[in-house]
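Here the structure comes first, spelled out in structure tokens, and everything after it is commentary.
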Amino acid sequence: MSNDYNSPLLSLWKNHAADAWTRYTEHTFVEGLGDGSLDRSVFMQYLIQDYLFLLHYSRAWAMAVVKAENESEMRTSAAIMNALINEEIQLHIGVCEREGITVADLNAATEAVENLAYTRYAMDAALSGDLADLLAVLAPCMFGYGEIGLRLAAHRDNTTPLYREWIEAYCGDEYQAVCVATATLLETAVRHRLGDDPTLNPRWAGLCQRFVQATTLEADFWSMGFRLASDLEQA
Amino acid sequence: MSNDYNSPLLSLWKNHAADAWTRYTEHTFVEGLGDGSLDRSVFMQYLIQDYLFLLHYSRAWAMAVVKAENESEMRTSAAIMNALINEEIQLHIGVCEREGITVADLNAATEAVENLAYTRYAMDAALSGDLADLLAVLAPCMFGYGEIGLRLAAHRDNTTPLYREWIEAYCGDEYQAVCVATATLLETAVRHRLGDDPTLNPRWAGLCQRFVQATTLEADFWSMGFRLASDLEQA
Amino acid sequence: MSNDYNSPLLSLWKNHAADAWTRYTEHTFVEGLGDGSLDRSVFMQYLIQDYLFLLHYSRAWAMAVVKAENESEMRTSAAIMNALINEEIQLHIGVCEREGITVADLNAATEAVENLAYTRYAMDAALSGDLADLLAVLAPCMFGYGEIGLRLAAHRDNTTPLYREWIEAYCGDEYQAVCVATATLLETAVRHRLGDDPTLNPRWAGLCQRFVQATTLEADFWSMGFRLASDLEQA
Amino acid sequence: MSNDYNSPLLSLWKNHAADAWTRYTEHTFVEGLGDGSLDRSVFMQYLIQDYLFLLHYSRAWAMAVVKAENESEMRTSAAIMNALINEEIQLHIGVCEREGITVADLNAATEAVENLAYTRYAMDAALSGDLADLLAVLAPCMFGYGEIGLRLAAHRDNTTPLYREWIEAYCGDEYQAVCVATATLLETAVRHRLGDDPTLNPRWAGLCQRFVQATTLEADFWSMGFRLASDLEQA
């Protein structure tokens, strides 16, 4: 389905996080997007939280610029960050508005604890470590969505127009190109800091652990959609 | 029970967060500490997570030193931070060891999502704002434990030796003195940044929101003990 | 010459820093750009250091994204940062190459102490304070170059082609538009944090001091060109 | 004179920075401390700036706590930081007061550009890198003063009471013990991140460069004393 964007390090991390990666990329939420069975109210809760997520995910990519050690690392990180906050988030707001969620709703929304845990864990990885630590935490979101997009693309006619639009955003050339750029950054930045064979460096285990943690938090993020919709129903 | 350590700003924040403050300081977990009804397995799960919490809470206090704007702010923050990591955490490890939880167990423990959310939210408050933002997030833990300690102190003979020891740590002179020092820092640091009447400053609402958020995450932290013990039983 | 980009706060800061502002914007280096009397070797030393400066100035603007408190603050900061690192720096490299300074030369250059002092002071303002502190430090560079560009534009035919190109870059519509966007961000971000009349807030004096400090460091940056060219000659 | 506190990595860094290390540790200022020939007015200017330096050097050590990855790294960094801000700085203020420099004078002093460059470079090393990057910048100050103190100790009877007091502070057991603790932290923290032989890691060159940069800034700090005293005389 995916060649891991030609990043051997991404493949190693995914293998290390195998169970968590499956729980994340094959989550009930994801399968429901693919066959249209996902409850619309669950998706709406996800959309609102994902707007708040994108704000902090962009801040975390801004930290990648801060922590870059050369012009090339800076340029890639800056371009990704700018695309997230000045383009992707606008598309997101557009979808929300069309579905009846106004910008005011988005700004008034309460950040769910699952959202808080994931985004602030990323910010702290940036503060405590170097660019390799941060990329290990940014990777699951970026590449997982890319992989899910490509896998569901084959079946996009089975699902609803709303979910098809989501799938097309992530299997589309633009998003896939960002994945490729991130993979190149990941390969060079990690080897630049840990050596040609990063698995021999004492930091490798810590980076793997960060990747697993962020992957787990991604799976929790899907579950959050169900929880919030259920809470809302019971309220 | 408590005069809020002579801090009018703390009183305002607590009033603003009234419901969340009650959910936190009168949580089933807390009541169970006071009357001995708290399941030991729940307390053990809390103890393990609290060790991990203390590491990151100390890091957040180190950020207070980084963000201090004069020697006085630095000295108070530094002393609190040093006491947390070089004294309180040792007491904590001692209790754990006596109860059969080794240092190796503590270091091998997986950080619960409730723990992650709270501690990393504090670190990011430090990174994104100034010292006032950070103190609004550090306050609920510091003062809540102080208040709970004082309230339960009156009934400490009703509970088990283990829980009595916990109560005595937090109602004790040493911990209460740290609360007083933090209250003084809070009053001066917030007024130094927001003005003599901080409630008139546009940042006031944001600080109140941070205090509510951290208080909510404290309540979640108690609930986490029950969740983890229940997960363990089912495993 | 300039209406301070419709920013009353900028006018206040410039008035506060009046002497330093004159030393910066009417520095011998600047006058030499305007009448062509600036020694080419001095300008070359400046160009090399300015490349290194731009890398860190971009990092400081990335910190503005990190410290933004709403989508609007994020979007402006992100766009400026991306333009700096993915556009302006390329123009800069182009000029350097044409003048015989290769990318390898740029990367091998030693950062001068004047450069270090200014850029790292900006990064630390970001780390220690909030967005208002950071903007007070980013402002002198942004608006000073804009003001110098506009003033020298009238006389651009009196100078050499190389210096005319420099003048045209900074009096040009594109750069002036960035100044306008920064002024809007400055007005809203500072008032959002200090209140409608920021001069009544206790932080105002500190922000003025930061603006003076950064302005002084800008004047030192011009002097650095002369010092480095002189050191080189004596070597 | 010194066995580099049993730190092979410190020896490697010093060898790499050999010329800069000599310029720093055998600076005219240092020799003048040893034989009493240093002008008192130069020393007074140094004392004032060193107070401001200590505030930021303490902040940089607070960042070491933030960037620590285990309890042991945290505890050492926290203890050093707390000793700096809650003990050493008090001694410093005491000396200043006895010599006629009040706390008000200290707080009113303008930070010299050499001071700014060094301290903010340290803060940014903390923000951009990990603990190894930060320690490479903190090391020259800590170990250089320790080495100078030990070397001058032999001749302390040749100098004035004021300079003898300075020498005794740095050759004393207390300060030397902090050097030993820092050396242990350095050895373990760098190897923990770069591997058993850090010289084989791609980051090694960058750490050496940071050590040279900080050593150069230390030499500039001594020169600053002469410059400020001379500026004052001419004013």
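Letters A, B, C and D mark the chains as written, and numbering starts fresh at 1 in each.
Here, a residue touches a chain if its C-beta (ideal position, glycine included) is under 8 Å from a C-beta of that chain, and two chains touch if they have at least 3 such contacts.
Note that the structure is a prediction, hence the values are computed from the model and not measured.
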| item | value |
| --- | --- |
| Target chain C, source chain A, minimum contact steps | 1 |
| Chain located farthest away, centre of chain B as origin (C-alpha) | C |
| Separation of chain C from chain D, taking each centre as the mean of its C-alpha atoms, in whole Å | 31 |
| Inter-centroid spacing, chain D versus chain B (mean Cα positions, whole Å) | 35 |
| Cα-centroid distance, chain B relative to chain C, in whole angstrom | 43 |
| Multi-partner residues of chain A (each touching 2 or more other chains) | 59, 66, 123, 127-128 |
| Graph class of chain-chain contacts, one of line, ring, star, complete, other | complete |
| Chain D to chain B touching residues, read off their complex | 55, 58-59, 62-63, 65-66, 68, 70-71, 74-75, 78-79, 81-82, 85-86, 89, 107, 123 |
| Residue ranges of chain A touching chain B (in the complex, touch as defined) | 59, 113-114, 116-117, 119-121, 123-124, 127-128, 217, 220 |
| Footprint of chain D on chain A - complex, ascending | 66-67, 69, 127-130, 133, 191-195, 200-203, 206 |
